[in-house]
Each structure stands twice: as structure tokens, then as C-alpha cells.
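Two complexes come next, and they have one chain in common, chain A, joined by chain B in the first and chain C in the second.
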Partner chain A sequence: MLAVFVVCALFALLGLILGYSARRFKVEGDPLVDKIDAVLPQTQCGQCGFPGCRPYAEAIARGDADINQCPPGGEEGVIALADLLGVEPKPLSAEHGIEKPKSVAIIDESKCIGCTLCIQACPVDAILGAAKHMHTVIASECTGCELCVAPCPVDCIRMEPVKETLATWRWPEPKAVGQ
Partner chain B sequence: MNLFKLWNFHGGLHLDGHKQESCKAPLAVARLPERLLFPLQQRNGEDSKPVVAPGDRVLKGQVIARDDHPFYPPIHASSSGIVRKIEDLPLPHPSGLTGSCIVIETDGEDAAMDFAGIEDYRQCSPDELRRRIYEAGIVGLGGAAFPTSVKVAPGSDRKVDTLILNGAECEPYITCDDSLLSHYPNHVLEGAKILLQILKAERCLLAVEDDMPDALAALEKAKQRGGFEAIQLVRVPAIYPTGGEKQLISLLTGREVPTRGIPADIGIVCQNVGTAAAVYNAVVHGTPLISRIVTVTGLGVKQPQNVLARIGTPFADLIQQCGGYTNEAERLVLGGPMMGFDVPTDNLPLTKSANCILVAGRNELIGEKRSLPCIRCGACAEACPVNLLPQQLYWYGRSDQIERALDYNLFDCIECGSCDVVCPSHIPLVQHFRATKGKAIAKRREREKADHARLRFESRQARKEQEKRERAEAAKRKKENLGTGKSPEILDAIERAKLRRAEKSAPSSEGAAQIDGDKQETVVPPAGAETRRESAKVVHTETPPGGPESEAQAVPSEID
Partner chain C sequence: MKVEVAYAKPDVQVILTVNVPENATAETAIAASGILDRFPEIDLTKDKIGIFSKVCSIDQPIKPGDRVEIYRPLIADPKEARRARAAKK
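Up next, the complex of A and B:
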């Protein structure tokens, strides 16, 4: 009889503790979405079929999207997602595009007519300008998403690979000698 | 001197010095080259801004480029001549990348600016001395080219008690510091005194390796003249890499610089002996850093020797002065055989940090041998002067486990190459570590850029959301007002209009007929503007007997 009482009391106590901590330590938002979002490259290019990296992260978390739909993240990104979600990595899905070298948008300012269409298209506000005034890309803010290229009515935006400087240069892997 | 207690550091190697080749010849003074090249970029930063234009005549010691950043001191012309152009040229950097350089065609006159030195620097404040060091363009001459004015400003929270002057030239082949100490011991000792004054440190330890007898003798002799009591000469064993900053500090003081810390954290500032001499020249003579001693050596050069050369001199000129290339010449290395790097051309300018030009002959250096798998013998860990586990770092680096490599303190690696030398499998470990470091840095940068882009994307989304909400609200308000006229102001106005119409229609029916037929403007009676405004003002407080403005508002809803 006493045993039953003790067990019941213990259950009640633990229940209270659990109930309290569920309220006290409640996690706001979905931590899985945040974790996925942290792995994505934040190019905001929409090549995955979702309007931005966070919506894609949400879709992955819901199970609506696969992990191989992000070309800017590349193979490395797929592997990171696979590690995070505990699934097998798979090759990048071709229908969403191919992995390209990092590039930055450049506006040919002599051709720009100041239509503001690219400004509206840029997901990270990296284009500066006003109606009927020349626009320019803030290169350090550009994610290379290419979303500004298509809307331009005079085709004055081109993508250029990011140039290597002394600050970005890295030692290469040693060459395998005689192998 | 011999009573000084030396500590030790882990690992290290006894290497074949190859010092005799270059130090047995007397110090030569380099000829004035036809062209001097000055890269605008210093230490991987932004380009300094040129303050001269092509066609300008410059004097020796004139500032030709500067940057306001404390990390990038001004660049000075090292001889007089005409600025020919500012163009992209190959840089003396392992990447082989090009960068903007100022090209000066010398005129042979070597006309100098008026340099104003201060004989009695004891009156100067530390800040004034630091400013002079900055203006003289002095950076660490030991190889890292860290700006000296920054290094001697450790901050008020760090108390520096010891200045260490590094004359321990541990790397094989290099003898430029040996040569400097033998020829200019006074400059180094005087420079040490100035640095002691800036740092308010009590003592200076001048470390010289025990295989540099000429330098030691010269220093002893100079010291006997008196006035250098705070400076102590210390003979250190010639073990590679004694000349590494952290290794020398361990050896001399037994203190260890913390990971991610700087020597000033443990009360020490370490400077190369050449830097001390440059400080002396800058403060007492007012001359900027426009020349240095460089060792030109190796089997590939006919007369290996030390050369006092102008900064900006192309390597080709220096090698030519040393008799030119021999038939043996195969590799051109900037720096020593352990920590130097191959450069593809001799058309590169001498920089402040270049201590050695090594023209290696066939099989003179540890070449690229076929590397075999790691047998985990642990020889590298025994040789490592930083107490790392190179075999683990290699393991994690090869398998792209960068986080793990960082856990094993990859970034404490000083890339001295000791592990490469002892590896029985000839694995180029340091190259692997450099590549892994590069990957780690690139990854961190990418992450930072992604976080920044996320922030910008999210704030843009928030702004668009808000704009949408505001537009919707505005539209809703407009619709409500138009449709039902529920807004109290409008109801009031309607009331007033009704009243007014009633009043007007009593005396004559003409006005009412007009309202029905015409637009609101026609309703406005040609009353005085003053009365109109007055009535508008009181609209909200009470209901006036009617005014043209309230009438105008009311009319459309009545028509509806």
C-alpha cells in the first residue's frame, strides 16, 4: 500500500516538475528550422523553389522539400544538411541549377535607365539608386543570387566571378608528388 | 652574460646552418637600380592611397602613398626620380597575384629630403615617439611586417616589464641580422633604449645565437662605451626555431604566451634587432625606413653575401650585383629554406619584411619528395616547438574535419616546418596545415557573410511586411470613410452642411439647385478667405454655423 502511495507521489512530483519546466524553459520558434537556416548559404536566390532560404528551411523541416535543392550551397551544403538531419547525402538536383563560382552583380552604369526594377528584385537591398537615376551594386552586400539580371529591361547587369585578392587568397592543398 | 638562466621550449631541431656562405663576405651596398617598385598593399590590407601621380618628381624619403589606418604606415620613395606609372605588377607573395605598384625611374642623383631628427629623444613623450615611428614607415623587419608603432602601444591595461630584441637568426642561410649586429651594433643598442623609453620597461634582453661570434663581439664592444646598463646580451643556443617570437620568450623568461594572446599579455614586447636600428634612425636622424640588409645566398648565386639595399629594388638587380646566377640555379625562394616560399620571377621588389633571397641549386633544399602514408610514428610531435600533435592535425585536415583540427589548436601552428623535416614519410605537413587554416578562415568568412545576408534579407522582409500593412490600413480607412461616412468629423460636416442648406434654402432656392447640378467647387461661395480659415480652425471644437470648407467635404457623400 505504501509502495503504491510512494510511486503515485513520485509521479505527481515529477509531473509537476515536467509541467513547470515545459512552461519555464519553453523554446520560442522552431529550433530545427533555425539550425537548417544556419547551414544554408543565405544567397536568397530562390533556385530551390521557395522565396528565400528561410522558407526553404521551413519546407525541409516540414518534409516538403529535399536537401539537394540548393545550388549555391553545393555538395558541401548538401552534406552539411544530411549530417544535421541524419539522412544520406545525395547529389545536387539538376532541375534546381548547378553549382557556380561565387560571383557578384555588376551594373553597366552607362546603360542603366534608372527603372528601379533590379532594386525591387534584390533580396538583400544590395542595389542603390532612385527612379531615373543610375543604379549601382554594393559589391560587399551582393550575394550573387542573379535575381536582378532577368528584370533589367536594358540587359545592363552581368554577373562576374569574385576576384581573388591577397586578403581572400588561401594556400592550396599540396600537390601529390609522384603518385 | 653567461650567468643568465635560460629556460627551454619543447621540440626544435639542430639544422645545418649554411650561414658561412653569406656571412664570410663583407656587407655590400646595393647599386642604385634603374627602377624602384613600391607595392601599395601592405599586409593583406586595402591598398594605400598614392599621393603622387605619374610624372611627379620625388625625393629620397618622400611619402608616396599613405593610409590613415594605424596598421598601414606611409610608404616612402627610397631614392629620387620620376614616378613613371602606377600599374599592376606581380607581388612578392606566395599567391603570385598582382597588385598596384608605384614605379619610380631613378635619376641617379639620390637627392634626399631634409630629415629632421631629435638628438635628445629623452624629452619626447611615448606618443610622440610612436608617431615618429609610424611616420617613418617602420614595420617589423623579422618577416611578419607588423607595424611597430602598434606593437609598442600595448595599451594601458598591459604593463610591459621586458623588451626582447630578437637577434636569434635561427633559420638556415639567413645572416642579415648577424651582419646588421656586426656592422651597426650602436644603432641597435640605441634603438633598444628608445623602445625601452616608449614601453617604460625596465630591462631589455638582446638574444644572439651562439653561432654569431662577430655580432656578439661587436655588441660587447659597443656596450662597453656605457649607457646601456638596462640592456643584457644573452647567448642562446642555435636550435631551430629559437628565433620564433613565442619560443624565444619561453627560452629567455620561462613565460608562455597564451593561445590567441600576444606577448604584451605577459608583460613582454619582442622586436627584431633590425627594427630597433630602424627606430634609432627614424627618431635620432629622422630617416624613414627606406633600406634594409638582405641576404642573397644559395648555390644558385655566384657570390652569396649580405647587401644593404633600398626598399623597392627588384630582386634581379640584387642577384646581378652578387655575380648573377650560376648554372646550378633552380628555385628562387623568398625567405629561408624552412619558412620561405617559392616565387616565380625575379622581377619582384624588395619589401621591408624580406630578409633573404635564396637561389637554391638542384637538390639543395628539401624538395618535393614522394610522400608516403603517415605511419603515426609521432616524430613530428616530438619536434613541434609549440607542443602540437601534427599527426592529428594532418589526419583531421585531410578528412576535412576542420572543427576537430581547430580543437587541436591548428591556429597555434607557427608553420616552422620542423615536422616536415623529421617526417620519415616526407609528408608536406605544413602545406597541409596552411591549406586547412585557409579553409577554416574561408568557412568563417562565408558564415559571417551568410549571417549578414540573412539579417539584410529579414529586415527587408520586415520592411515590406510593414509597407504592405500600412498600405492595407490606408486603403481600409479610405474605403470606410467613403462608404459609410462613419468618421465623426465627416458626420459633423454632414450635419453642418445639412444645417447650412436648410438655412440657405429658406431665403432662396437657387443655391440648392446649384449643388445638385454642379461640382463642389461651384458651391463655394465667393466669401473672404479669412472667414474660411477661421471656420476651419474651429471645426473640431464646436459646430460653427457653417463654412465653405466643411460644405465642400460634405457634398460628395450627400450626392452619393
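Up next, the complex of A and C:
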């Protein structure tokens, strides 16, 4: 009888240790994907050929995608990715687009017919509006991905480079070594 | 629960995060955000509101993470705009 108790107690103890270590040493997802995702610009523009920055990060981690497919990230983004992954940087791949200054979308209110096509195209919910109501770009949310421009049936969306104001000014990124 | 209340004009857009009780409606969220004091031109008897681009009534119950949006009317008449485009072609 004693043996049964001892074994039960032992199992309970081991179970507690296992349960504790599962929580204490939990690995949240793939840390490499998180690190790559943190370097990407989060425009969710899809120019890399993947449906957003995180799927692209996953593809890079798997080895299915190259590091030079992100035009919004630019040459600096490629260099940051190369540093992170310990590979040689390479020029941006032309077939995925060219690097442009950061822009936001602006809707011409006198033309907007409230069709919601731009709202459906926006990957980051940066357009406020509903059917037959004025659509307005929330500039602080807009990533400048240009995905709303093409669907507009009345061509009332244009991209404008972000003006440098006190609110948008950032310390310039340091130039990478060897540039 | 946390929800957002948003209003946008061409020159200024705001998204306010507010904490509201579980059984809140769109109206309580708007009142709690204080957005009506900031934009006195909002008239909830006339202006439509909605949640994530779907128009809803003012007493619509809301869920955590919803964005309660206050809309403005169109300037262009969609039918006139269509006629003008058809005439151009």
C-alpha cells in the first residue's frame, strides 16, 4: 500500500515540476520571425508578394523569400535584415518596386462617392467612412501602401509625401557601414 | 472593456480609446470619449455613426475592440458624378 502512495506522490510532484517549467520557460512563437517582423516597416503593402509583413517575415525565416523584396524598407531595411540574419546585403529587387519617400493617402472630398472600395482595400483600417458617407484617411494610421489608390472608381485618392513636422520628425537613421 | 471612438476631417483625425462597462452601447462610448466637446459640429441626431465602416444605430451594443465611428455626409452626389463620368466617355 505504501508503494502506491509513494508512486502517486512522485507522479504528482513530477507533474507539478513539468507544469511549472512549461509556463516558466514557454517559447512564444518563433523568435526569429518576431525579430524579422520588427525590422520590416509594417506597411502591409504586399509588394514583397506576401499578404503582409508578418507572412513575409515567416517566408524569410523559412528560407522561401529573399531579404531584398521590401521597397518601403529600402536599402537600409535590406542591410538591417542582412545584419540580423548574418548574410550579405544585396540591392533591392527591381521587380518588387522602387523605394519612395513615405507618403500618406489623401481623399479629394469633392469627388468621393462613398463606395467603400478603398476601405475594403486598406490593410490597416486607416480609412474612416461607410457606404454613402464621406471617407477620410486617418493620417496617423496610414502606412502609405497605395493599395487604396487603384480601387477608387472616381480616382479621388492621391499620395502625398509626409511633410516633416514636429510630430513626424525622427532622428535620421545612421548610415550603415560600407555604404 | 476598451473600445475606440473615431472622427475624421481632412485636416484633423482623432481616435480616442475609452474604457466602458461591459453592456455599453455606441452612445455611451461616444459620451465617455468626450469627442462631442472637441468637435461641437457633431450632431448625433443628424450624423450617422457606425462600427468599422458599417452604419449602426446609436443604441447598438458594442464589443471589446470595436471602433465606433462618426461619419460626415458626402459632398458630391454619386448619381450626378456617375452621369458626368458617363458623359465624358
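We adopt the following convention: the second predicted complex is superposed on the first by the 140 of 179 C-alpha atoms of A that agree within 3 Å, B and C clash if a C-alpha of one lies under 4 Å from a C-alpha of the other, contacts with A are read in each partner's own complex, and residues count from 1 in each chain.
In this text, contacts are C-beta pairs under 8 Å (C-beta built on N, C-alpha and C of every residue); 3 or more make two chains touch, one makes a residue touch a chain.
Note that this is a predicted model, so its numbers are computed, not measured.
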**Asked** So, A:E75: does it touch chain B (first), chain C (second), both, or neither?
**Response** neither
**Prompt:** Of the partners chain B and chain C, which touch A:R170 in the superposed model: first, second, both, neither?
**Reply:** first
**Asked** Given the touch rule stated above, what does A:H133 touch, chain B (first), chain C (second), both, or neither?
**Response** second
**Message:** I'd like to know which partner A:E141 touches here: chain B for first, chain C for second, both or neither.
**Reply:** both
**Message:** Is A:D64 touching anything from chain B or chain C once the two structures are fitted on A? First, second, both or neither.
**Reply:** neither
**Request:** Mind working out whether A:P41 is in touch with chain B, chain C, both or neither, as first, second, both or neither?
**Result:** first
**Message:** Between chain B and chain C, whom does A:D125 touch in the aligned arrangement: first, second, both, or neither?
**Reply:** both
**Message:** Tell me the contact category for A:E160 with respect to chain B and chain C: first, second, both or neither.
**Reply:** neither
**Asked** Regarding the shared-chain residue A:G114, is it in contact with chain B (first), chain C (second), both, or neither?
**Response** second
**Prompt:** Across the two complexes, what residues of chain A are contacted by chain B and by chain C?
**Reply:** 125, 141
**Request:** Name, in rising order, each residue of chain C that touches chain A in their complex.
**Result:** 6-10, 13, 15, 48, 50, 52-55, 67, 69, 71-76, 78, 81-82, 85
**Request:** Give every residue of chain A touching chain B within the complex, in rising order.
**Result:** 37, 40-44, 52-54, 123-126, 141, 143, 164-179
**Message:** Under the definition above, what is the set of chain B residues touching chain A in their complex?
**Reply:** 41, 44-45, 91, 93-95, 97, 99, 368-371, 428, 431-432, 434-435, 437-439, 441-442, 445-446, 449-454, 456-461
**Asked** What does chain A use to touch chain C in their complex?
**Response** 106-107, 109-116, 119, 125, 128-134, 136-141, 154
